[in-house]
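Each structure below is given as structure tokens.
In the two assemblies presented below, chain A is common to both, partnered first by chain B and then by chain C.
Up next is the complex of A and B:
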């Protein structure tokens, strides 16, 4: 799906806006990286796209998904879109999971939301998708409650939930921070395979610039609520124009 | 170096899951130990035991000459040893303001020290205007820094940190690495650092423990393990570090 974000601003209370006049275009099937300073507005931007900001956030501008304006849609319409057409892997997995429900059931319910009347199929989907995110003990994991899993296991459960319905747009907010490099490689392959198979578009937020350079074709750089630079990955990383981008890329290149 | 931790045959099972399968470990005073390993390999389980926040199924932990019995730490342990948890959001009380969260470990030492609270927040790159706000009003990386500030506020002897910089951009991360590095040098802070980021571990630690499936795959001085890994698992881990596809010319 294509996404067009124009002049998006988000403010909380009386403080300076957390996101200010952010705009970018995401073509069908494209993978756009979002990098930038901690606190620069990356997660708030994604939550605004998903319609998941708290009530007290003031959101202005325009977000359109395949031509449909999302800002101002009601809760019912938005929750129908979420999961079916767009989904998100949240930065902090623990807060996105229901602590009182086994994770397998949570994945199955996400699946059933958009595939009603699919009891057995849903259960099958759960194990298949857990296998794909690198679990060798999918059955045990699906029967666990969130607190019985490690940080990286919870992160993978969230990934499984985000891809299970094969939505047209997936927002990944720091999806591999809790994964060791071996599992990370496996998960990045899954992300690549899923996006390729379904032709979905992706917004990929990460502090790991090496990972962004491998997953994305283009990226935007955020700082202080604004996009300070954007462009094709090769150009952005080889010839950064903005001093902040240069500092980021050089620090990453030095490792 | 005198021993701070002596760990023998430590095990921890959750039902049928053997999260730790007999770990032996010694940590010297002022040592900086990196703990690396696969997702689900038992790192968080191990450090929760070392922080006396959980009770082992078997084995012993001796801290500075005194045994930690069934999760009960020796006197003074709680103020000497501070922990930064892997999931900052769930470790910060949502009903408390930042000034109270960061001031809490000080209060438990009967210190009221607003200056120290401001200082330690500045050390992690946060402005004084965060003091009156609540945890949910922050970004992931800001919450992570609040958790670091809270742990550093009472000037602990031992810092146990579980993925403390995973939500930070490289520049802020470097600032935190420098802060921790200078504390270990200036004050002899003992550091137990869990991280998936080998670059971080390499820069901050002098020794490293590679965990795999509840056991120690390999351990030793940093340079030795990084440059001449003995185990296949370590070699695969080192080889899988993602590299920048395009870089500044």
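Up next is the complex of A and C:
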């Protein structure tokens, strides 16, 4: 799906805007990286796209998904789009799964929301999608509670939950930051493969330009709620125009 | 220590429940039949706890009293939870003016003495177990609303709520599927504390004649009746007092024990 963001600003209360005049275009099947330090407004931007900011957030500008304007839609309309047309993978696999529910049921519920009366088909879908994200023991995993799984396993479950309805756009908010390096590489590969297989467009957020470069070829750099530079990642690496981008590239080289 | 609270609470509450159940099928004597010849007997084999000023076996009245204590507890706590929990969850999820409104109304109801409410209700509808339950129930609503709101705020800050919303779960479904199951331990604790308060309040209202009618055995009513002969037969006041203390302590211990047993952080630490 194509995504067009124009002049997006978000402010909380009377504080200075957390996101200011952000704009970018994402073509069907394209992947865009969003790079920036902690507090630069990456998560606020992605939540604004999903319509998931708290009510007291003032959001202005335009977000259009395949030509449909999302800002101003009510919760009911947005709930139909979320999961089905666009979904999201969060940073903290430890907290992004409901501790009171078996993970299989959580994925099944996500599927049923958009396929009511699917019954046994939902259970089948759960195992299929768990297979796809690399579990060889899908049935056992689906019967586990989140605390019985490792961080990498949980992040794969979250990925399964995000793709179970085959959305055209997936937003990844630092999906590997909480994982150790080896698991991180594994999950990144899995994300890359999943995106290739489904042809979904993706917004991939990270503070680490090296991580972004493993999934995307193009990226925007955010700082203080604004986009300060954008272009092909190779270009950002070799000829960073903004001093901040240069600092990010150096930081990545050290990591 | 944690274990002890849970067990002691369960034992005491279990005792009250057993007494209530037993009274349904068996009591040593008729709990309402006046026997003038047997007035104010001390404890004996025939009457283990003695008899009251009407010659009625105290043990029998105590057993039947457990019923009304539990009934009032269950109904008033149930009423308070059914109204208070949804309001608290709504306030916690919506925030803003909805939250303000719910919390201010809560404050007002909380500040309004339950006793005054009971007197008002008794004045309009006549004092009965029902008016006592409604008065106690209404005055317990704020406690449930506040606890649920606090719990909801905590849960709403968790990523799994966002993740569920990002999958297309609507706000009302999120409340039922993800918020309620995760605040149920707070509600459970509040319920057991509310139970203790209700047992005490029912005793107080019966004592004042604003609750259950005099003929029906209640612990509060027994306390009131014991007043006339307090100096000649002090034990008469002791038994219902002990029963009330036992139930209140039991529910409080159970509440504390439950909170500790259900707190995931404490559970993980084990």
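Going forward, the second predicted complex is superposed on the first by the 233 of 255 C-alpha atoms of A that agree within 3 Å, B and C clash if a C-alpha of one lies under 4 Å from a C-alpha of the other, contacts with A are read in each partner's own complex, and residues count from 1 in each chain.
To be clear about the criterion, contacts are C-beta pairs under 8 Å (C-beta built on N, C-alpha and C of every residue); 3 or more make two chains touch, one makes a residue touch a chain.
Predicted model, so just to flag it, every value in this text is computed and none were measured.
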I'd like to know which partner A:31 touches here: chain B for first, chain C for second, both or neither. neither
Of the two partners chain B and chain C, more of chain A gets touched by chain B
For A:218 in the superposed arrangement: first (chain B), second (chain C), both or neither? neither
Partner chain in contact with A:95 - chain B first, chain C second, else both or neither: both
When the two structures are overlaid on chain A, which partner does A:132 contact: first (chain B), second (chain C), both, or neither? neither
After lining up the shared chain so the two structures overlap, which partner does A:184 touch, if you call chain B first and chain C second: first, second, both or neither? first
Once the structures are superposed on A, label A:207 by its partner contacts, choosing first (chain B), second (chain C), both or neither. first
What residues on chain A does chain C touch that chain B touches too? 91-92, 95
Which residues of chain C touch chain A in their complex? 94-96, 158-160, 162-171, 173, 177-178, 181-182, 264
In the complex, chain B residues that touch chain A: 14, 17, 36-41, 43-44, 86-90, 137-142, 145, 162-163, 166-174, 196, 198-199, 236-237, 240-249
In their complex, what parts of chain A are in touch with chain B? 12, 35-39, 42-44, 91-95, 134, 140, 148-153, 156, 174, 177-185, 188, 207-211, 213-214, 233-234, 237-240, 246-253, 255
Using the touch definition up top, name the residues of chain A that touch chain C in the complex. 47, 50, 52, 54-56, 75-76, 79-84, 87-88, 90-92, 95-101, 106, 109-110, 113-114, 158, 161-162, 165
